[in-house]
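One chain, chain A, appears in both complexes that follow, with chain B as partner in the first and chain C in the second.
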Partner chain A sequence: MLAHLEATAPKASWMRRVLARGDLVGSLVQIALVAALAGGAWYIVSSTMANLSSRGITTGFAFLSRPAGFDVAFSLLPFTSASPLWMALLVGITNTLFLAVTGMVLGTLLAFAVVSFRLSKSPLASGLAAGYIGLFRNTPILLHLLFWYFAVFAAMPNIRNGLVLEDAIFLNNRGLFVPWPQLSGWGWLIACVLALLPIAASRWMRRQHPTSAFARIDLSLLLGLVLFVAVVVIAATSWEVPVRAGLGMRGGALVIPELMAVIVAMCTYSSAFIAELLRGAIQGIDRGQTEAGQALGLHAGAISRLIVFPQAIRVVIPPLTNQYVNMIKQTAIVAAIAFPDLMLIMGKTVLTQTGQAIESLMIVTSVYLIISLTAAGLMHLYAAKLKAVGQR
Partner chain B sequence: MTAQAGTANQDRTPGRNAVSDFIRRSFSDRRTGIVTVLALIILVGGGVPFLEWALFNADFVGNGPADCRRVGACWVFIAQKAGQLGYGFYPQDLRWQVNISMAVSALGLVGAFAAARRYQVALAAAVYAVSVVLSFDIFGGRLPGLTQVAVEKWGGLTLTLLLFSIGVGVSFLLGGLLAMGRRSERPVIRSIASVYVEFMRGVPLIAILFVAVILLPLFLPSGADANLFLRIVIGICLYTSSYMAEAIRAGLDAVPTGSREAAYALGLSNWNTQKLVVFPQALTISLPGLINTMVALVKDTSLVIIVGVHDLLGSTQLAIGDVAWGNVLWEGYFFAGAVYFLMCYVLNCVGRHLEAKARRATAR
Partner chain C sequence: MRYGLFAAVVGVLVSWNCGAQAQATLAAVKARGELLCGVGENFAGFFSPDATGKYTGFDIDFCHAVAAATLGDAQKVKFLSATPSARFPQLQSGQVDILSREVTDTFSRDTSLGLDFPIITFYDGHALMVAKSLGAKTAKDLNGANVCTQTGLSTEVIIADYFKSNNLTYKPVVFDSRDQALAAFEKGRCDVFSSDRSTLFAYRSALSNPDGFTVLDETISKSLNGPTVRHGDNNWADIVRWTGYVLIAAEEFGVTSTNVDAMKADANAPAEVRRMLGAEGGFGQMLGLSDDWGYRIIKSVGNYGEVYDRNIGSGSKVSIPREKTLNALWKNGGALIAPSFQ
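Let's turn to the complex of A and B:
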């Protein structure tokens, strides 16, 4: 009601509010602040210009169209050393997003397992989960990353002595080699569409028959995964199986050790934080809700799926948004093990190669800023939508 | 909570011993039983080999790599490298300077905290500022009578602690100002504080550190060459202060308006209202958030190794790289992890203690 009145009241112009009547000190302070900022900016710009000209560095973003001249160890986009530098930037962005999304999905899945232990009535399981959460909350993620990389995945035996499963899957210090299906673009598309079908169906079912097994998101995700795998297996013309070739490996798909280390470190680390958020949200739901479910004769699984969870999700969205945005930024630590993400490609490789320090770091910071602000904005929209549902 | 669980809880008669109660609760219904068995499998499967490695088969005493049998952990390595893990490459005969610097910064933090608790805000800030400058200069040996040591030789746990002790206070003060700025009714102040906080929270610390290390020398006139440690401290403080600001702002938002109005009605000045009425309540409310930020700061200090400074984790990394010791990766990372865990755990304990104290004070 009050907010409504405030919104309709005529708003004083910005300048009016800066020079508010009766607030002489405030006006002076604000003017002084603006002057100080402008002076500081002018000082920095002029000394930067002087420094740049004395070092013979030209400014501008023209360097982005030059050929890269370096290779990247992992890329989802086609990239060679002849590709332009802006392509390297795109590779960095997609790699960062790939890491963040993988970490979010797997971390959240693991968090559900951790929180189910944490909230279990079994003291042993609850204590184990508490220990797990405490361990990760009180140690730096960089330590985990370095451990998984240097002490585990890079310390694997070499190709000759590495692990081999069924002569098709190889795990050694070069990474994980798995067979890869030869499939046309249409094949992948059909597989993806079919995988999404059960999920969409479950959303529809949820409105029609909320208690039916088809409305369960976990089961529909599983079904989608099974369908995806089935389509790929059926439609694949052949499988490219990795083989040892001389000192190296040939064929198949490769997951480099850096990537495995990042994914394991990010998942385990973030799962502890997400589990703690979920626990807070679930425990915050009024006990009366559970009891009402019991009175209706619902079994424990249905109560948590239909009553506790939807409410807990609403509570957990804002802190979870923060956690996800943090994870996007957290991926930047992979620069420590030389995984080519945005930070490493632009902030280190391109910067040292071209000497365009200001431009490179400006690009890095603005891209991170855009990604985090967009992610936060999308999550706020989702939270607003959930809230609207709750108020209906 | 199923109906079964309810009855299981009810027939827990007094007089049963703890062991049978524990077992009863572990297998109160089918789901709990399954989870208990899973937890047992994880605990035994992971715990037994770990204990064998870390304790039963480990070597604790010795003078060199030859004293490790290599069937378990080689803790001799940690003992032999303790100096490097603690002080980096700081010259051995000058390490007393570091110890004094640590003592000064600890005294400064305690003194500032004690003064702040007596509402002597200016005194607290002054004590803290003096201790920061002193401890930094003593660490670098730049006071008369001390020997100068180059930044490249600083390292180890003491560097982590120095980073933390400077970062925590400076970013707290900056954060307090920013939080007040974001709540200000003056639009220029509010927008500057908001833009700053949102910018810093949207960018990874590593990017800030890169900017501080690479661009700061470009931004300043060629004469003003801030040393590497100082540049890193600036970066960390700028970053952490935005998180401190958000933690403090949450507390300020939660202070009831009535408190402020009561203070004004008593005739307190604006400054005294903030100092004596608003901030003490706000900081009590935001204590969990502040402790979380501090724990994050301890953990974030490890990122400085990416810009070439060897704190505890960096020194561990260097020590592990000593080929004479062979493969001591697990020992090194385990030790560093244990030290970080201990630091964060102590911080959490202090936070809980302060919270409990505040709760007692308000309940009285």
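Let's turn to the complex of A and C:
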């Protein structure tokens, strides 16, 4: 009963306030505006449907269950030409996510290196970094993409004259072929779990002994990686080595030239932008903070790690979110160099194979929207968490 | 290109009145005084700009023929660029009256996209272009090949089917744009470039070293290409279909752009020829056109053989063989045949 009263109370007061302020006309105008927008949207949708059906164009998403009929050059999921089209959509989404995440992680790591050069006291290092940033920030990314693809990775020697290491690793214009461990699903799972252990331990350590070396996230990540590789190497029953077969190669794992070009182009390009964001944030921290650290006898590394970075991160998150969302959308240009991302698979191949232009573009739009909004939301949550810590 | 596609899709979304005009393409063309013809960007022999920037080609001439039949003047055509991904929305939304750009007729396109394929004007099929240095003599030598293609055509599905049914492995390298696909192929990124045979001949002539490449003899698919119109306007589809038949029949009857005046005036010419050229029978009116529509087609572009030779035959740069192919007249063992003018 009490809860009921509480729930209705604000509503009543809101009504009273509106009437008291004489905002009734304003409210009516707003209601009319919303109604007009909704009516307009309904009109567009219904007339589109009517137009489509009057022209004998099949609408709806049933086409997604048809077999794809085409193959995809790079896929993290099992996919053949017999797979249904919704599977092709999933491949497109995972490929786009893979590009976005790889680009963000590697781009940010590279940006840390660039910004440490940029802020170094050595004029040579600082000048080099400034030149790097200037070059990448003031040229279009498509140019970098085409350069890395046509001038570097696709221009490598052919499969007969390519680079061969120990008869196991091959680098040529068909891509990078490396041996791949034969490991059961359980093996991969155990390796992943073991890799996560040091990270969890360091998070626990951070609460107990914040100054301990075991609390450092960078060290725990490194340890996790080492553990992962160790488990895979020990548990692998055998390694599948790539061999020449026909005009191509068979076996092993393949990194296609398109992927290498995209990763290199996106990382170098975005690192310049992220480095500038980081520089702005770091330079925005009051010099007194550094001096206070020096007064406490901390060395330079500890000052950056413990005093400057934690504060800079808080400042840099909103612009960094923008940059990350831009990167997600930027991945759509990789269709230019034949990397099968969401845009190429769904927005080009599926669209033209099925002719379902409106549906395909609606799917592509919604997926980009969902990915970008989710990324922005996660960054927002992270920022809120940091802010709460700061206020305490 | 992207903007074109989005504009076309928006066109579908907001074109309220086009549904009502489904049966009225001819009236719209006559009222406008101009035929809107969707063609590709550049495809040597079929549609490409000449030295003066004017478009010429096999598919261009077809639109000139339709304009001659409907408007009495072959020059009253506006050519609009229709890219592979934007072409169907452009037609569906009424931005063009006809697509004349070697669109391949398929079941799903004909039945579910609101399109009609009134007539096949060019028989083609996918083939494989390889570097001569590869040493491949037949498609069976291509196991493990990387295959460059351009998206937007049926190529991706045809290649997948072909390699799978021959138990050959391959890797697709699918580009958004033709120029980049060709550049990557020429750089050696792929062993094979695949498209329609006619397309490959045109592309090969544009490579920096055409003699280093060869088109393998196998044809791995059939492509039946022709003009495309909106589904539901039967009168317009009839006009387009019979424009094509006039071109084919005129070649069969020996009517050319040079002798058409004499043939029309000749009271002793075969009755079918006289009906086709509008000297008797009143056939034009049955299509909603003036009776001399057939005469005007031949007078302005010539018959099928003349159009073929001028643009893609032995007299042209592309030089696609016609003898003993499906594109020969039925009398010569080909597939081109027109119903009787009765």
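Here is the rule we use: the second predicted complex is superposed on the first by the 335 of 392 C-alpha atoms of A that agree within 3 Å, B and C clash if a C-alpha of one lies under 4 Å from a C-alpha of the other, contacts with A are read in each partner's own complex, and residues count from 1 in each chain.
One rule holds for everything that comes next: a contact is a pair of C-beta atoms (placed from the backbone, for glycine too) under 8 Å apart; a residue touches a chain by one contact, two chains touch by 3 or more.
Just so it is clear, the model here is predicted, and its values are computed rather than measured.
Visitor: Quick one: classify A:F150 as touching chain B (first), chain C (second), both or neither.
Guide: A:F150 contacts both chain B and chain C.
Visitor: If you stack the two complexes on chain A, which partner ends up touching A:V264: first (chain B), second (chain C), both, or neither?
Guide: In the superposition, A:V264 touches no partner, neither chain B nor chain C.
Visitor: Just chain B (first), just chain C (second), both, or neither: which does A:T139 touch?
Guide: The answer is first: A:T139 touches chain B but not chain C.
Visitor: Taking the superposition on A as described, I'd like to know which of chain B and chain C A:A336 touches: first, second, both or neither.
Guide: both
Visitor: Once chain A of both complexes is superposed, is A:L52 in touch with chain B (first), chain C (second), both, or neither?
Guide: Both chain B and chain C are touched by A:L52.
Visitor: Does the superposition put A:G26 against chain B (first), chain C (second), both, or neither?
Guide: first
Visitor: Which of the two partners, first being chain B and second being chain C, lies in contact with A:S122: first, second, both, or neither?
Guide: first
Visitor: Which chain makes contact with more of the residues of chain A, chain B or else chain C?
Guide: B
Visitor: Return first, second, both or neither, reflecting whether A:A245 touches chain B, chain C, both chains, or no partner chain.
Guide: second
Visitor: So, does A:G355 touch the first partner chain B, the second partner chain C, both, or neither?
Guide: second
Visitor: Using the superposition described at the top, list the residues of chain A that contact chain B and also contact chain C.
Guide: The overlap between the chain B and chain C interfaces on chain A comprises residues 44, 47-48, 50-52, 54, 146, 150, 155, 335-336, 351, 357-358, 361.
Visitor: Can you tell me which positions in chain C touch chain A when the two form their complex?
Guide: Listed in rising order, the residues are 5-6, 8-9, 12-16, 18-19, 22, 84-85, 88-89, 92, 108-109, 112-114, 134, 142-146, 148, 151-154, 156-157, 159-161, 164, 168-177, 180-181, 183-184, 187-189, 191, 230-232.
Visitor: Please output the residues of chain B touching chain A within their complex, sorted ascending.
Guide: 1-3, 5, 22, 25-29, 31-33, 35-36, 38-40, 42-43, 186-189, 192, 198-199, 201-207, 210-211, 214-215, 217-222, 295, 298-300, 302-303, 305-306, 313, 317, 320, 327, 329-330, 333, 336-337, 340-341, 344-345, 348
Visitor: Quick one: which bits of chain A touch chain C in the complex? Just the residue numbers, please.
Guide: So the residues of chain A touching chain C come out as 44, 47-48, 50-52, 54-58, 69-73, 81, 146, 149-150, 154-155, 158, 173-174, 245-250, 256-258, 335-338, 340, 344, 348-349, 351-355, 357-358, 361.
Visitor: Any idea which chain A residues touch chain B in the complex?
Guide: Within the complex, chain A touches chain B at residues 14, 17-18, 20, 23, 26, 29-30, 33-34, 37, 44, 47-48, 50-52, 54, 116-117, 120-125, 128, 134-135, 137-143, 146-147, 150-151, 155, 287, 290-291, 294, 299-300, 303, 325, 329-330, 332-333, 335-336, 343, 347, 351, 357-358, 361, 364-365, 368-369, 372-373.
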